[in-house]
């Protein structure tokens, strides 16, 4: 019966993804750090902003288009970088990029994507804009330079530089599932989970090879399997990075620079001073420090402080086109979405992501229609009726 | 066992309706837009107003009667327009009108009722007042004029003009159930749901024909089945309607005009300026823009702003005679109820609706008795003990 | 297994009572009016008062004794009047009175108790104080006078006069269970519930006869069975009672008069003016007007207004000795408990009620010990650490 | 399947402990007083403090080390005294002490530990600091003196003196389980629970003997079995203890004195005046007076009042390294943990406790890294983003 159902919302896609992915993969995708409070808060907080309905306004010409990082978009939304997305569907990042191109929204490729820069760029339909590229600071600055060069060559012009990962967070589900363990017991646990999802094994694990980090292939010496890649990446986290490294980065990258992973007004000001074109207000989807604020909570203050100087994007817990509308009303220029597109990808491949994006665009349009706003740029606090005290205005 | 139980509250009728209706129909009736937050908030918000009990007042003569839109009513309540109500019970709108007449409360016929204006008016007992008629703005203004004329001829004198439907909302349950889809898979899904409710198929689908939009029969060229009607209606939603169209409407309709679907003080003021006799503070039962405020939240401010100039009615989440009392205490002149009467209709037909209305009248009487108020007109903020901060006073 | 468990809290006694009583009886006892919000709020609200622990105070001599209505009590608690309590255990009121006498707390006999005044008074051990007697105003003032005389003769000196019952509340569970219906279907439903509890049928229904309203026997002409009595009582509710009737009552009753069922400061002031010795702040355990405030919420303001002039008792949702302590800290002189004693009675008879009272006394003593208070009269706001905003201080 | 899982959080260890311990023991460990509101509040309250993430700070040298009661610790945490811990694993306190020594955190031995002072001290690896010793005031002051002497001889230099136990709290689970009852029914209940955990019976009850209170052996005349010991202890609770007894104690104990079980600013000031080196803000893990505030709630005010004069530790509901970080940010110098280490001990023995401590240290390190703080002493209110109104700042 449930197989017959038609997924309508992000949560529906999530339910279907859960049925298709081996448990440790689903948990890797779905989970957050610690007790997953920030993860839950992210989702819940958007709902604290109540919309203000207006009637009898001429809304026959509502337009959801906008520009993000200088690029025309059908709606103010980009797909967030998600590591290992290519484990969720066969050559997953390539499928997602095609869906994003079709829907006219930017796609961001993670440093640790399965498909590499070249594979993803090659997947883009003719004339489609190139993906954005996400990078972490690596201890090996030479590798950083090489990756920037590789991205530029592939055509990328927007760099999403993630700053909230001096160390990886405590993802407790990965510990529980044995994903973070070595040894026979953990292997047995993983194997039993794989056996329960033969469809995935056949479709993704076997026919979707190779499962390594595509963009890092030239950096990881002798890297053949995923474990070698992971070991390399783990050794590359660099907790000594400071704003001076951003200055250095600025000299290395000619394109647009978005700093991703800020939650504090002071840090946002520093980003503006460092010459970034934009920031992504983000807590890494609740995957880093559990216990920090929901992004919706801190967005208004940050947007007020630096919204005039740089492009303020936000991610975390956006689960519908209506949430997207709320983010704009609270001051964002656009949103990134992480888990939702990967759920849709895991459950429905490229077509799934397209359906999701189409539904959200329709929801955004509806929210504009019923609040009486016809252009994205006009969405603001006037379209909110009440903002609970949790969101600091 | 449960079949033996006696329904006492609206929720009891709902449970019984769920057992009788095919799932896609029940979901159509029960559901709201998006994540159904506004739907839930509507119901929950009334409870935020705490009643003030008084004792040792002479309450031997408590009177629940009042006038709504110039019509004598046994209690300040009208049945809200609900499209397709005739799918819930055999010739459903006719049954409901009889129940409403018996209980001496107004019945509102939806534009998209299964029974047409003539059938419903004919069902009224001799001497009973005619139903109220609800209309959406249609692109085809000629059709609008024809429907107004048809309503007037049938005897209707109160027009409920719905303004919160420039586009239909995103009812996610309809997507999930395949009701919003074409194709074999959706048809199969619907068929399996029908098979599970043979009683309904026999009683309503077969013996209750024709299942088309009665009042629109003369407008829809060659309309034979429901799908043709739906297609016509979908093409008629008009998002370009503005207050000027209300001015035009005012010239077309000699009877009373109630604008339904306002949530904002400014819009309420505009309604007064446009010469409406009344408004219905409504978010369409949470079926249009999910995320807007509960109606109880915005009612007091609107009542204060325009209550002196026009009749302020309210609907959404009213689930008992006590909620009705709360609505009056918060400033409404009366309430409309949507789902509750249709649940009772689906589960118990005309008799069910009568029982529901009798129970609510008794509850209203009890609330008046225990707050020490003997006349409907005397119910006001004095009868509230505390209003949580969620309701803006 | 669960049969082996030892009941520790009121909730444990409740669970056991549920297993022993026919469902309609348990629901009659357990339920409240409407959606049972006030019932739930009563219970929940006490917890909003946070206790203030103090250490290293000499608490070797903590004394829980006090006086209520001029009577020495081992702790500031009385058993509330509960109609039909004698249906819950064989000759239930007589058993409960013995338990109360043993524990040295007052027992209140309801107007509609199964055991009459004489039976209950006869059950008291030698030297034990007589019960308190509860009365509603009846249309037949002669009957009122006769009952007062009967109570006085039986030795009662404290009259609990209930003023929140101009009409009986809407107890929806009774409707659902068919208890409020006549006819074959309702009878069948009741019978099936009786069949599920043969122990109760044998012990209470057969061996516990007669099941009529003992104190009313001389008033109800030809009353043989419970239905005749109920019909008489239903016809006697008098919604025309006002403060003038209290003046009249005052002239008829030489003993102490407690008015039960007040929730409002103004009414409390009127009670003081009318010459009552005390009041019971009560919403009838959430059984009358659902939606009124929890008693803990309104208690502080009432105690402040009239606590100097008369004895302020409170009931509703008190579920432990700690709640009792909270009630005192919020201004009450003592509490009444309703459902808890009847649950213990239904599950464990006289011994059950004794155990419950002993446990609560120990809890009160512990609360005094850990807040560093040695005498009941010293309990006050100083012993509270924080009172949530829900309770209006 | 679940047996294959890897415990990641304190809650995971709890789940495993539940599967290993006889129910009455698990309930003794897990439960609290009354309705367990304070127990739940303890856990929940820490989450009310939202952390403030900062980025691009050099966090390559984060150090979690600190000093507690003059002792070097790898992180600001000590194992709280837990009576009967040796019932949870074979010679449990000895195992826990070894784990604590390995992790470089203090271990506190309860007055009513199964392993005595000598056994525990002997278990410490060479060079490891001795445990802290916890004591209650006993009626027999000679026994107090003897225990202090015994502790000093064994090498203990820090005394944790518990002041919130003038009487034992009402642990309702113990009543329900029959643990607090004598007689055949209770014995049967306990036996059935033992039969369900044969592993525990073999490993702990049989091979872990003797199960008596090790440190009290010389005090309890002729004490052979646990019941004799319990009877002795129960007779020793002394509710007459006051601050003068603390003065006396101060003269008897040359080492450091920590008073454990304070919740009030005034009491904290008195502790400073009495010459204690530190206090533990504690409500005994919600096991004494249910209804008092969560410790996180009262901590800030106490730390502000006396933090400059003595070492303010806190316990209750700390469930992760992130909670530990929060406690420091709210003003504590360090935390004690009770149930978490015993859950890990019950489920995994010494290795379990080590794993738990290692995971928490990593979490603390991560919280410091992502809030941009490198030294424990620098953690303060600046690292909090928002503190809900429940926590009084």
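So that you can tell them apart, the chains are marked A, B, C and D in the order they are listed, and the count of residues begins at 1 in each.
Methods note: a contact is a pair of C-beta atoms (placed from the backbone, for glycine too) under 8 Å apart; a residue touches a chain by one contact, two chains touch by 3 or more.
Composition by chain, UniProt nomenclature: A, B, C, D = L-lactate dehydrogenase.
In this text the structure is predicted, and so the values were computed from the model without any measurement.
> Which neighbours does subunit B (L-lactate dehydrogenase) have in common with subunit C (L-lactate dehydrogenase)?
Expected: no chain.
> Does the subunit A (L-lactate dehydrogenase) and subunit B (L-lactate dehydrogenase) pair touch with the same residues on each side or with different residues, judged by whether over half of the numbers are shared?
different
> Looking at C-alpha means, what's the farthest chain from subunit A (L-lactate dehydrogenase)?
C
> Suppose each chain is reduced to the average of its Cα coordinates; what separation in Å results between subunit A (L-lactate dehydrogenase) and subunit C (L-lactate dehydrogenase)?
Going by mean C-alpha positions, subunit A (L-lactate dehydrogenase) sits 59 Å from subunit C (L-lactate dehydrogenase).
> Which integer distance in Å separates the CA centroid of subunit A (L-lactate dehydrogenase) from that of subunit D (L-lactate dehydrogenase)?
Between these chains, centre-to-centre, one finds 42 Å.
> If I count partner chains per residue in subunit D (L-lactate dehydrogenase), which residues reach a count of at least 2?
Within subunit D (L-lactate dehydrogenase), no residue touches at least two other chains.
> Can you tell me which positions in subunit C (L-lactate dehydrogenase) touch subunit D (L-lactate dehydrogenase) when the two form their complex?
It is residues 1, 4-9, 12, 47, 49-60, 62, 320, 322, 326, 359, 362-363, 365-367, 369-371, 385-386 of subunit C (L-lactate dehydrogenase) that touch subunit D (L-lactate dehydrogenase).
> Which bits of subunit D (L-lactate dehydrogenase) are touching subunit C (L-lactate dehydrogenase) when the two form their complex?
34-35, 37, 163-164, 166-167, 169-170, 172-173, 175-178, 181, 185-186, 188-189, 192, 238-243, 245-246, 261-264, 266-267, 270, 283, 288-293, 297-298, 392
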